[in-house]
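Okay, so chain A shows up in both of these, paired with chain B first and chain C after.
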Partner chain A sequence: MDPKERALRLISEVCGVELETLKPETQLVAELGVDSARALHLLVKLEDELDIEIEDDEVAEMQTVGDILGYLDRQQPAVDG
Partner chain B sequence: MLDRRGRLVERRTMGEVLETAVEMAARLARANVVNRTPVVVALPTSWPWLEVWFGALAIGALPVAVSPASALGSANEDLRRLAVLLSRLQGRHLVCSPQMRRRLVESSDLPADLVALTPEELAALPAARMVTANEPEPSTAAFLQLTSGTTGESRVVMIPHRAVLHNIVAIRHAIADPLRKEFRDPSKALTVSWLPLYHDMGLVGSLLHGMLHGIEVRLLPPSAFLGRPATWLRALDPDSYSFSAAPNFGYQFCVEKLTADDLSGIDLSDWKGALVGAEMVRLETLNEFTRHFEDVGFRPDAFRPCYGMAEAALAVTMDRALEGPRTAPVPISTDHAGYATESVCLGPPVADTEVWVTSPTGARLPEGRIGEVRVRGPGIFVGYFRDPEATQETLDGEWLKTGDLGFMVGGELYITGRIKDILVIRGQNLMPHELERLAEGELGGGGTCRAAAFAVDHGAEGEQIVLVVEAPTSESESLFRMAGAIRRDIGLTLGMPIADLVFVSAGKLPRTTSGKVLRRRVREDYLNQALTQLDY
Partner chain C sequence: MKLGQNAVSTESRLSRFDLLKVTTGILLLGWLIRLLVRTYRVEVEAGAERFEELRQGSTPVVIAGWHEGLLASGTFLLDGLVSRGFPLALLVSLSRDGEILARLARKLGMEVVRGSTSRGGLGGLRRLYRKLSRGGFSVGIAPDGPRGPAHECKPGVLLLAQIAGVPVLPIASAASSAWRLGSWDRMIVPHPFARVAIVLGQPIGVPASLSSEELASASQELAETLNDLSERARLAVNSRYR
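Entry: the complex of A and B
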């Protein structure tokens, strides 16, 4: 499965919301009610399941679903053709 | 210094820590930090944290550590609190990450004259010349410590040099004196802490205590533990005598999160001091932890339940018996309904410290009677920063009024609850945490769901119990069954009806940074109908 798709599934699982409702502009805190414990749980899930390591500086920048997907894009640049 | 995955970032000697602190002191002076003014340190557990905190201390400023807003934008609440604190402190200087500064500026009204600096900007300032050496009086405030404030907003405690130094020595005696001689050698000892450095148990109990006694200190960011709790236990080195402190919650979290698979490579046989304090110590947790980890060498006599608070620099009592958790029956008292059956022994007072259990008028009660715990000794604080009213409420001459209820047996302290949170129902006093424990026990499964109990005035019927419970499910039939079980359980145990039982989604109750549920906030939200209730 595409990492971004897996990430979306994890977000919906951890936050207890339907996958379809997640949009790039969805705010993790304001809309999904992510508190610090849940944020960390999500972070560890993302790292473990996608086998990546997210730098603390990057974590501090992630405020929307799109921020997480954008990060994954930068990790695995799309290959043309 | 270890990272979020428990890997070594960098090791520094005490000499290097001091050298970098002195350099930072000169840089802070360049940035116009002056004697006796607060410097707010909002950094994660890292070397820059130590440089700035000790640097501020070295020039006689008042470092005050606060939560660095972090993970996934979850920090809005932290930012709001920080903005309030900054205006209360009237401090000019804040050291934080560039991200945090940007968000602070975007999200709140900051004091106009605030100077927010990043560690990088400070590092770029010249550190050529050390400023005048600071030789403080023992009674001068060394730093400011925020209280965790379960019942209200946090307060800013002024800790004098005398208090913190005395307490660090007293803690060392309480930990080491009862141990066999071979385990007392600081050069073979190790302190591991994942507690936030803005928490008194992390700062005084772990970092300062280890440094001043020449003990190796391993610091983990709190996220290392909260994300992967095994990281804590792996950092305890079986080649050293390990000492590590955590609130009850930390031990409970390990029991709930760690499976047999997670235990490989963990050896707890040389954990000589598993300090547990900073919140109500629960016998069930300590017993479960022992059962869970005895196969990897954990021994219950490592448990050292303790009692303390920021207003006493930190430690007030610590169990020294090395017999594992001990309990005493909670005395029947007119001040306290007789349902809580046992309380965990928190040991005798630390050196030079007196603990009295007192009546509401301040008179000392005999052993076995429940009353307010008062503390006197060299570790007591000198007041809340720029808050004479709160200081007057809390200090009675030399005595610190803790607001905690407890009793003494054989010169050892047992805590039963908080005065302010008492629910008085039909003339009977109830401890909310007892109600919460019963409710949480009915939720089953994960155990991370919490409850908040409080009283609401129902006019002629007087005060009534309201219970707000985090539910592990939103399915109405399960909720209906759970509600029945909770009401039955509390009715049978306490003979008290619950006027209203409300379910909310897991994780929805506001908590302190150390994980305690903020009952007063839940009560306010309930009264303002601001809770999103689950139907059942």
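Entry: the complex of A and C
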């Protein structure tokens, strides 16, 4: 499965929302209610499933679903494998 | 609002002169601690069987104790576990004080994870999670660290245990005679030749189903458990060595 699809499924699972409702502009904190606990769940699941390690400064820039997908785009060679 | 509120601190950067001072200080402090520890008479007052299980190293755990007992409990873990090859990682803050503690802990054979349980994109917790889930390390955290308030449990410890699917092992200590540092935690430094009582509590499982609110409530219970164990350790040294 495409890493971005897998990421969307994980976001949907962790946040308890339908996959179809997720848009690139969806706000993680304001709309999906991602608090510290959910953020940690989401980040470790992304790292485990996609076999990546997300740097702290990258996490600090993630405000929307699109920011996460954009990050994965930039990591494409690493997560394609 | 962003997923990670604060970028990683750069406080840990030290000037060359500071580095020289720190390195020299660490060598002396490491030597002093090793010497001090050898004079302590450490006794496990409760939970000895849990310590044995831990030593067998079957599954990783999150070892949680108040920051004030970092030295007393830490020397016990150092002597009883780390020196025998037990893989233990310690969470140390990104502050300058943390830099010194990190160097000292590495010098004493521990794995160090820099960060906090809340700052830097949850970096500290994520790195600890990797140690637990991928590295086979147990981890040690002071739930009221790195800056207090003393004896107030932040939810990061239980959250980490929940996500990694490992139990929390509470630990407390007391010494028959000790200095108290002037730091926020009033850290206990047992006097040379002091008797040090260690009390290990029941492992606490953190179900994956617990909500954030339930985790906050469980954190309060962990604080009460640590206070009870600390009192038990104090009673043990007081009754035995009065």
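Everything that follows uses one rule, which is that the second predicted complex is superposed on the first by the 76 of 81 C-alpha atoms of A that agree within 3 Å, B and C clash if a C-alpha of one lies under 4 Å from a C-alpha of the other, contacts with A are read in each partner's own complex, and residues count from 1 in each chain.
The definition used in the following text is that contacts are C-beta pairs under 8 Å (C-beta built on N, C-alpha and C of every residue); 3 or more make two chains touch, one makes a residue touch a chain.
What you see is a predicted model, and the numbers here were worked out from it, not measured in a lab.
Of the two partner chains, chain B and chain C are each touched by A:V29.
Using the contact criterion defined above for the overlaid structures, shared-chain residue A:G16 touches chain B, although it does not reach chain C.
After overlaying the two complexes on the shared chain, residue contacts for A:A60 are found with chain B and with chain C alike. Residue contacts after overlaying the shared chain place A:L40 against chain B and chain C alike.
Of the two partner chains, neither chain B nor chain C is touched by A:E5.
In the superposition on chain A, no contact is made by A:D73 with either chain B or chain C.
In the superposed model, A:E49 makes contact with neither chain B nor chain C. When both complexes are aligned on chain A by C-alpha atoms, chain A residues 28-30, 34-41, 43-44, 53, 56-57, 59-63 touch chain B in the first and chain C in the second.
Only residues 28-30, 34-41, 43-44, 47-48, 53-54, 56-63 of chain A touch chain C when the two sit together in their complex. The residues of chain B lying in touch with chain A in their complex are 4-5, 44, 69-76, 97, 99-100, 223, 226-228, 505-508, 511, 513, 515. Those residues of chain A that touch chain B in the complex are listed here as 16, 27-30, 33-44, 53, 56-57, 59-64, 67. Residue ranges of chain C in contact with chain A, taken from their complex: 1-8, 115, 118, 120-123, 125-126, 129-130, 133, 155-156, 159-160, 163, 212, 215.
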